[in-house]
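In the two complexes that follow, subunit A is the common piece, with subunit B as its partner first and subunit C second.
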Partner chain A sequence: MKRIFSLVTTLFLLGGAAQADQISSTGDLGLVVERAKGALLLVDQSEHAAVDRIEGLGDLSHASLVYSPDQRFAYVFGRDGGLSKVDIIERKVVKRVLQGGNSIGGAISDDGKLVAVSNYEPGGVRVFDADTLEMVADIPTASKTIGLVDAPGRKFVFSLWDDGETWIADFSSGKVDITKVKGMGENPYDALITEDGRTYITGLFGEDGLTALDLWAEKPEAIRVLPNYGRGLKDLPVYKMPHLEGWAKAGQEFVLPAVGHHQVLWIDSVTLKETGRTDTYGQPVFAMARPDGRYVWVNFAHPLNDTIQVIDTLTKQVVHEFKPGPAVLHMEFTPRGHEVWISVRDAGAVMIYDTRTFEKLGEIQADKPSGIFFTARAHKTGL
Partner chain B sequence: MPGLRAMRSLLLFLLLCGVSFAEEAKQDHDLANLVHQDCGSCHGLTLKGGLGPDLRPDSISHYDADTLSEVILDGIPGTAMPPWRPIMSEAEARWIAHYLLEGPK
Partner chain C sequence: MKRIFSLVTTLFLLGGAAQADQISSTGDLGLVVERAKGALLLVDQSEHAAVDRIEGLGDLSHASLVYSPDQRFAYVFGRDGGLSKVDIIERKVVKRVLQGGNSIGGAISDDGKLVAVSNYEPGGVRVFDADTLEMVADIPTASKTIGLVDAPGRKFVFSLWDDGETWIADFSSGKVDITKVKGMGENPYDALITEDGRTYITGLFGEDGLTALDLWAEKPEAIRVLPNYGRGLKDLPVYKMPHLEGWAKAGQEFVLPAVGHHQVLWIDSVTLKETGRTDTYGQPVFAMARPDGRYVWVNFAHPLNDTIQVIDTLTKQVVHEFKPGPAVLHMEFTPRGHEVWISVRDAGAVMIYDTRTFEKLGEIQADKPSGIFFTARAHKTGL
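Presenting the complex of A and B:
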């Protein structure tokens, strides 16, 4: 009897173990865009390794992606206008639609039900049901759209490159309600929203400075930020447009790439006044704060894109500089910031560094890697 | 042994040719990589356009190689097209102009 009991227990335990093997958790996974190959490399943060490759995603130049709230699905926005839904547990593309001719990014609503895609051609934003990828709204703008982000309350915010406007598309009532804010400035090229969902900032290419919106205001109006920052200085050529991202907030300040000047700009997040400038090695592309905000990591545009500088938030001084390899395209911090993963396109690798000692911890082979996206983004407004 | 010396010189010559062909091929490869990867930041990896216009042969056939080289070297003021002269030679710009007009092989 005792033996039978233990046999049953053993079988039960074995059954349990087998089941645990089949359960896969996604909290420390990520996807790396292999842009020329049209593939995503599924990577494991804890293992410092690639676990699989998911193919068949079309033209992934300048591709980005967002995650469903359960961190199981990624919505991938490809340059060819493709919107793909990828299941990272089954490790395959489960749905794919060609929704536009030339797209540039996307966002997912706070409730995870709507996915929006920003298009250059035809200019505008299209919104899809996150489950079925059926289109639920088409918002033509007659302009290239940029800087699309999600905002709390089932909203999407985006800007018009050609017309200098920002539109707020509110889906809270079920149908779309659009507020247009004019006078945002000439050629906004990208935007960010703060993690609290309050401030939307666009960088301007056609003139000096940036423009902010207070989304908590009853009627948001364009607030000019640093309108004179480059005045009197000769603009340097910009070989790659900088990016603005929600993570560029360090303590109480925003850290943003200047355009046409080899500098990052520090702006007080409450007053929106300049608090400093740091001269950098080249035209900054990403200025990303480590999640705790203590340091800011900066990469640069072609032809100075082999280098990274690390800036101390307290002193605003460069404290570390190194060369991971040719064509550093993107950086992604682990959610608590102990590591940074860096895609080095022409070295064909993602390199992993300790953010405190700057020691290199590992390297993962990848085919012309660009964006790196950890699943923790699922729970961040604006990412 | 003049014959041997001649043979040696010939061999050396052939080797040098090989090296320079290889270098040229590498330069072509690097420039093509630049076109797709770096120009591609704005014009798309397949050059079908993005923030910047479509650069495929049919779309730019109204340009000749000289004009296109100038646009590459001096940019288009008032637009996002930067001048590449600070980091590119005229020969390289000309190579890229022909590459764009003829289309990637």
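Presenting the complex of A and C:
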């Protein structure tokens, strides 16, 4: 995109329709959550610049979002239960519903027709028409619901904190068809789905270990893996349970943040057995592989959250360490991995680095930035 | 994208600028090569429709194309040596150079700044500024040049038919730095790079077997793999050497078309050793995994090119077979795999199928369609 508006003077064209002569393409755009302001900053990867700010999104602490297949619309899941549909071409909120009391994330079906939201209060999952935001299914669970992801074949998968169950909601027939898997473990607190959509893995708050489901199985069953994953000897306080979405595939291994310990773990992607550990600067929050899997970038929990370490996946050694600034909350790689964009909340900026030279390429002012979401996510499963 | 133009009466708005009130997003668009006409048909995935036709592209037999990171521009590599830059928002050719006498493919660097083209006549690779199409590097090879791909870190990799060498051209420093790897084998005819950009594999016309390079190695060396891959006993004529770009990753295995035989081969993705074979209807041309890796779709060489078979990657058995029509040339999956679009040249149509029910969802008239390229390719390595 060429026609952008400079952020040099923090001047924004707030909301409003696109200019008549404006020509847009959406492949290199992204949205940055400005959590305190309840706003989204629209950014342009190629220009290293902010394009516009979209406001009026409610409580965006811990907010996340997904994109429509055409990359025109973002569906934003606010902590306050708000589900907002944002048009990034016209740069405004086009629909907004308060669908629950305490929402913690959402997903979009592989065909882009359905948007699902999971809720703490009331528990359960609600599914909406992506076009109109009218509710098409209400799936009460009588439990806090966590770890909601989309899976291939118009499915959503999520877990029940109170009951230790995972439910697979299949919308391929038009109506919802639910499969319930029991015995997932005590208090699942988060989950991920592998990039191919085959394996769903839940983290447990109430016990050590993780539980996997093979979604290709005729009848998926709970498979306990990594029995030592967790707080273990409890010799360190846990400042923040790591995000499981941060699991990275690096070559033939997954890399994941340890719980409580200053380590990342390496896991064989086929057997799901541990293959090694790397000591890190602090308690890792996100361990994210560069898209080619050659390096893993790690950020850390408070109070060590000013630092990033970069680990070589061949040697499993830390090869670079630097301090972008206070409160590094999130990282997003450009789709082919030549740059990484980093939210540094208390510096009020998103910082852009070359992933090979580590040179700083740019900085974009943002109001307490947290999650960064590039539009390339539209074409990925489970993001 | 909502504002589309119907193809019902084969009425096209030919070329010309976009309408002033038009609002575009580019995530769900694609281009279909109309080989006889020298045109590109712009299609919209979500609408199952053609949007426009872009003409004036020269000889498009065996044409391919790549996209800019913002998905606005396509770089089209014509057989006649033409390199054309097409604006899919304004729907016209914006620049065109005749850069060689007989071009056979191209690639775009991971940062989107450089476009490379490989040539039979004269041999070698030429690299162009993606913005202006001015030549920034000319790499003569004194050989037909094949198997050109982009690799992470602003690199291009290609092979020399006459000399059995692979060259790695690294543009990360600004100027070009070339590493030559000898001993790749007799007459490499095509190559692929794995999705993570780590492994480059060439097929050999002059002998059986394949040759791999580990691009993560300090000093990449030729690694001979699959010694029995090739025509072997020569008990079948080879109607068409299979496209190596068709190698598919399905779970932990690669699937690839056998040469000459009515089979696809299964290869362990780590050891690159053969793990099985599946008998097929004809000589496979493309064996393409649905993006989740659960099924592989296969089309066949003349005279059996009216048929598609679908193979289950768990059982390695053919589970579905159907005849879309005469001369099935190419298949492209939607990025998350819910649909597949198929070029049926002699039916004059692109046909759209649900990948789970196999139901036909739509059909778009096209003039002798061949390659289908969705804009999601902008964010992938080696496509």
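Observations on the model:
Convention: the second predicted complex is superposed on the first by the 355 of 383 C-alpha atoms of A that agree within 3 Å, B and C clash if a C-alpha of one lies under 4 Å from a C-alpha of the other, contacts with A are read in each partner's own complex, and residues count from 1 in each chain.
The rule is simple: a contact is a pair of C-beta atoms (placed from the backbone, for glycine too) under 8 Å apart; a residue touches a chain by one contact, two chains touch by 3 or more.
Remember, predicted model here, so these are calculated numbers, not experimental data.
Taking subunit B and subunit C in turn and counting the residues of subunit A each one touches, the greater count comes from C.
In the superposition on chain A, A:110 contacts subunit C only, with no contact to subunit B.
In the superposed pair of complexes, A:32 makes contact with neither subunit B nor subunit C. In the superposition on chain A, A:350 makes contact with neither subunit B nor subunit C.
Of the two partner chains placed by superposition, only subunit B is touched by A:205; subunit C is not.
Touch criterion met: A:68 reaches subunit C, while subunit B stays clear of it.
Touch criterion met: A:196 reaches subunit C, while subunit B stays clear of it.
Applying the stated contact rule after C-alpha superposition, one finds that A:248 touches neither subunit B nor subunit C. Contact with neither subunit B nor subunit C is seen for A:40 once the two complexes are overlaid on the shared chain.
Across the complex, subunit A meets subunit B through its residues 35-36, 59-62, 79-80, 102, 104, 120-121, 144, 161, 187, 189, 205, 237-241, 302-303, 327, 345-346, 368.
Within the complex, the subunit C residues that touch subunit A are 1, 18, 20-21, 23-29, 45-46, 67-72, 88-90, 110-112, 152-154, 172, 196-198, 216, 251-252, 270, 291-294, 314, 334-339, 356, 375-376, 378-381.
Per the touch definition, subunit B reaches subunit A in the complex via residues 33-34, 36-38, 40-42, 44-46, 48-51, 75, 80, 82-84, 86-87.
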